[in-house]
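Below is a structure I'd like to ask you about.
Labels run A, B and C following the written order; every chain starts at residue 1.
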Amino acid sequence: MRSVRLDYALRVFWGLLLVFLYAPLAVVVFFSFNSINSSARFAGFSLQWYERLFRNEAIVSALMNTVVLALASTLIAVVIGGLLGYGFYRYRLGRLSWLVWLIYLPVIMPDIVFGIAEMTFFVAINERLGILSPGLGTMVIAHVTFQVPFVALLVNARLLSLDPQLFEACHDLYAAPWQRARFFLLPVLRPAILSSFLLALTLSIDDFVISFFTAGPQSTTLPIYIWSAIKKGVTPEVNAIATLMIGSVLLVALFSLLAQHGSSGGKQSKGGTKA
Amino acid sequence: MSVLHRETRHMLFTVAPGALCIFVFLVLPSVYLVGMAFLTNGPYGLPTLPLSLQSFRELAGFGFLGWSPGNLYTLIRSVWQTLLATALVILLAYPAAYYISTRPARWRPLMLLVIVVPSWTNQVIRSVGWMNIFAPGTPVSDFAALLGLTAPQMGLFPSQFAVIVGLVYNFLPFMVLPLYAAFERLDTEQVEAAKDLFASPMAVFRHAVFPQTLPGLMAGTVLVAIPAFGMYVVTELLGGGKATMIGNLVARQFAQASNWPLGAAGAIIMIAVTLIGLKVLRDLGRRLSGDREVVL
Amino acid sequence: MTHRRIGVTAMAVALAAGAGQAAAQFEGETLSLFNWSQYMDPAIIEGFEDEYGVEVVENYFNSNGEMFAKLQAGGVSQYDIIVPSNYYVPRLVESGLVQPLDHDRLPNLDHLMDTFIDPDFDPGNEYSVAYQWGTTGLVYDRDELGDMPASWSVLFDPAVNPEAPFALPEDAQVTLGAACAWLGHGYDCTGREALEEAARLVLETKQRDNFAGFIQGTPVLQQLVRGSVAAGMTFNGDYLFYKSEDPEGFENIEYVIPEEGAEIWVDNMMIPAEAPNPELAHAFIDYILRADVGAQLSNWNYYSSPNAAALPMLDEVLQQPPITPTDAEMESLTFIPSLKGDNLQFLQQVWREVESR
């Protein structure tokens, strides 16, 4: 029997933990509505920082870049990573089994090493071939590269959990590979694809370091904008931009919750950042 | 068209794009970076021939001043801050994961989501949150000054304390998730048996709960300690130059000081320490679980 | 401010009427400008964009080191104009990151004052044209600290400021220069012993309880007015710029040239070696060199103009301290020397030691 006292202590602990987890975000949101330029004293409610935000061309274009980067890299990564996860499942006994190690490389490599390796590589290529000059393109490539392994792992895990006999049955049922993909693989992989889409999206939104080192003059994203703005101290304007990002993440969270309820087979997606 | 041919074609179609992407945009750049560490630093920071170990000597602290310990301090500080943050994360994550596992099943996904969501916001934004809370003049900072924890007028940030809080905040979810998974699979009969055997809850924990949650703990430690050791953003924003870690040292050679070979050598050390850390964790996990393979 | 805005508008209208024919060749092109933050009047950018039918994309840096690193990391083929300080000009030239200027495309070059023509750091203005000049001094909050001596002791002597939070810039030559000056070796010290002693001083300073971290010259002003630091180092023009925006907040924030010596500098427009649009970059440099634009720039950012032709149009506030230093202050101001080779490596090693402990 669990003691009542322990249970009570755990409840209090849980409450405090929620405060710890959400206080920093709440403070950011709260002070973004401050009517004065301070994050220590709240003088009154105002939307002026948001108005300024949307009148500031640099911020609006950073917002656009953030959205384009996150969506483009996630879509590409889900396709490439999904194929890779399937390929590893289907051909795992082949001569290519050593390739599996490729997947773990981005997982253990520190962000900062990843970022500078990409940066120096892009610079070297650019000097010689004139392609891959720093910008949204190089950022998408870098993001896709760290997203692909996570997508592949999720899709692969889902396939491993299926009964191998299903595949044989499917083979007998449909002759053409595209039919198998369309009528069998896609439906059974739907939950895994959905959760890997969300995971890849959050990985992209969470990243700062890799974006920072692969960005060019015209591809500033919101986190990079904030990074240079907070050198002057945290202002309500910075808090307002941050609030927009927090809001969008809450939307993603809500969406993932609904998606979980929608698909019974969908397990809790292992969320979080790139390790 | 032969069957074999078609199989190969399919394999290429599925595996090649991903494998190529990782190979060209990660393996090649990493090899290039490793090679750069063995070049000489040019007069203005770019790598040049001849091949040399100059950057490693510099990293070890040998320079115009004779030997100086700055970089060594940075490395030791990185390891120390990583260990401290990981230990704190474990202390917080254990009760949290246990608590979630005792709630009704339909609540658990939501509770896990609640733990995870903050880590979906951008790293920079999470640090901005703590900057807001720890800045001079905020209630939290004033309270700390009142208790004599900080000098008057100084906020709690920038400081090493702020960096540790930032690290714990960033990586807590990575410990809660695997620990929760372990608690969910917990064999309650074993725990009940242990309760009959041992009087103290500590002993029950040590002999029945801990061994069973060890795989989750080890997985969580890997997920927390590796990125914490490579941290750049939190130390840069919350540390104010007082809690510099090796990631900052490496980044600075590319973003401020211009000494690419030195930065590349630092990156190699980072990866080496990471791999050593993984090995140590693996051995530790084996010892703790009595020679059973635990993780990795 | 209002009368200034009207002046600016009138000027823009007058310009738009007179220009247009030579400008058409750049229609629709983009100029990428990499500049210090808070250093360029948006109205000048608009004026240039309208006159030439181009778009200007601005990016900002907060230290010369940051700018230099960005150029090496691919920026050399992405920015059209950069604005480094005097002591970084030789470094940029020798590392091949910038291209020679075509003086035929810069008819307004002779507007520069004699002092800025053929400077030591760039003989014959082969690569650079002066943009603005100013000083780097001590800034502090009188509310927190009371009246302070005009001395670097405010930053480096714990007895002078035992409690109030202060910051130093994360810029090796600037911070070590101030430490050198306080130690009596002069702001432009280059000797290894002097630099080593300065580095030790900065290290000790960094360990003090009230050291608030490394904050660059422009951002530190925002932190001063918000009260998160009480002293730091900044530039004279930025100080006056923010003071004019927020006279109340800056009422008790003082800018002084310490008597032990401080830095005088000149920032210069240069074109990266592989700039995407060097022709337009030349046009932009020449545009800035126009007498009226030069005056408009200084009147906006509160820095001294190197443009002789612009002098008659400068606001009165620019003719007096802290923008125009007194003769006595001029005596104590020095240019930071440009380092290279072993001396540069030495400085960077010493600074790395400061940062990592």
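The definition used in the following text is that a contact is a pair of C-beta atoms (placed from the backbone, for glycine too) under 8 Å apart; a residue touches a chain by one contact, two chains touch by 3 or more.
Each chain and its UniProt protein: A = ABC transporter permease; C = Putrescine-binding periplasmic protein.
Here the structure is a predicted model, which means the values were calculated and not measured.
Asker: Starting at subunit B, how many touch steps does it take at minimum to reach subunit C?
Answerer: Tracing touching chains, the least step count from subunit B to subunit C comes to 1.
Asker: Using the touch rule from the top, work out which pair, A-B or A-C, shares more C-beta pairs.
Answerer: The comparison resolves to A-B.
Asker: Distance-wise, how many Å sit between the C-alpha centres of subunit A and subunit C, to the nearest whole number?
Answerer: Spacing between the chain centres: roughly 38 Å.
Asker: If you average the Cα atoms of subunit A and of subunit B to get two centres, how far apart are those centres in Å?
Answerer: Centre separation, subunit A to subunit B: 18 Å.
Asker: What are the residue numbers in subunit A that touch two or more other chains?
Answerer: As it turns out, subunit A has residues touching two or more other chains at 119-120, 213, 233.
Asker: Can you list the subunit C residues in contact with two or more other chains?
Answerer: Only 72-73, 228 qualify.
Asker: Which parts of subunit B, given as residue numbers and ranges, touch two or more other chains?
Answerer: 135-137, 254-255, 260
Asker: What does subunit B use to touch subunit A in their complex?
Answerer: By the definition above, subunit B touches subunit A via 10-11, 13-15, 17-19, 21-23, 25-30, 32-33, 36, 92, 95-96, 98-99, 102, 109-110, 112-126, 128-133, 135-138, 169-170, 172-174, 177, 222-223, 226-227, 229-230, 232-233, 237, 247, 250-251, 254-255, 260, 263-264, 267, 270-271, 274-275, 278.
Asker: Over in the complex, which subunit A residues touch subunit C? Could you list them?
Answerer: Answer in residue numbers: 37-38, 58, 119-120, 122-123, 126, 133-134, 213, 216-218, 220, 228, 231-233, 235.
Asker: Quick check on the complex: what are the subunit B residues that touch subunit C?
Answerer: 41-46, 58, 63-65, 68-71, 73-74, 135-137, 151-155, 158, 239-242, 244, 249, 252, 254-260
Asker: Okay, in this complex, where on subunit A does subunit B touch?
Answerer: 2, 7, 10-11, 13-14, 17-18, 20-25, 27-28, 31, 39-41, 79-81, 83-84, 86-88, 90-91, 94, 96, 99, 102-103, 105-106, 108-114, 116-121, 124, 141-142, 144-145, 148-149, 152, 177, 202, 205-209, 213, 222-223, 226-227, 230, 233-234, 238-239, 242, 245-246, 249-250, 252-253, 256-257, 260, 268, 270-275
Asker: Going by the contact rule at the top, pick out the subunit C residues touching subunit A in the complex.
Answerer: 32, 34, 37, 57-60, 62, 72-75, 77-79, 215-216, 218-219, 222-223, 226, 228
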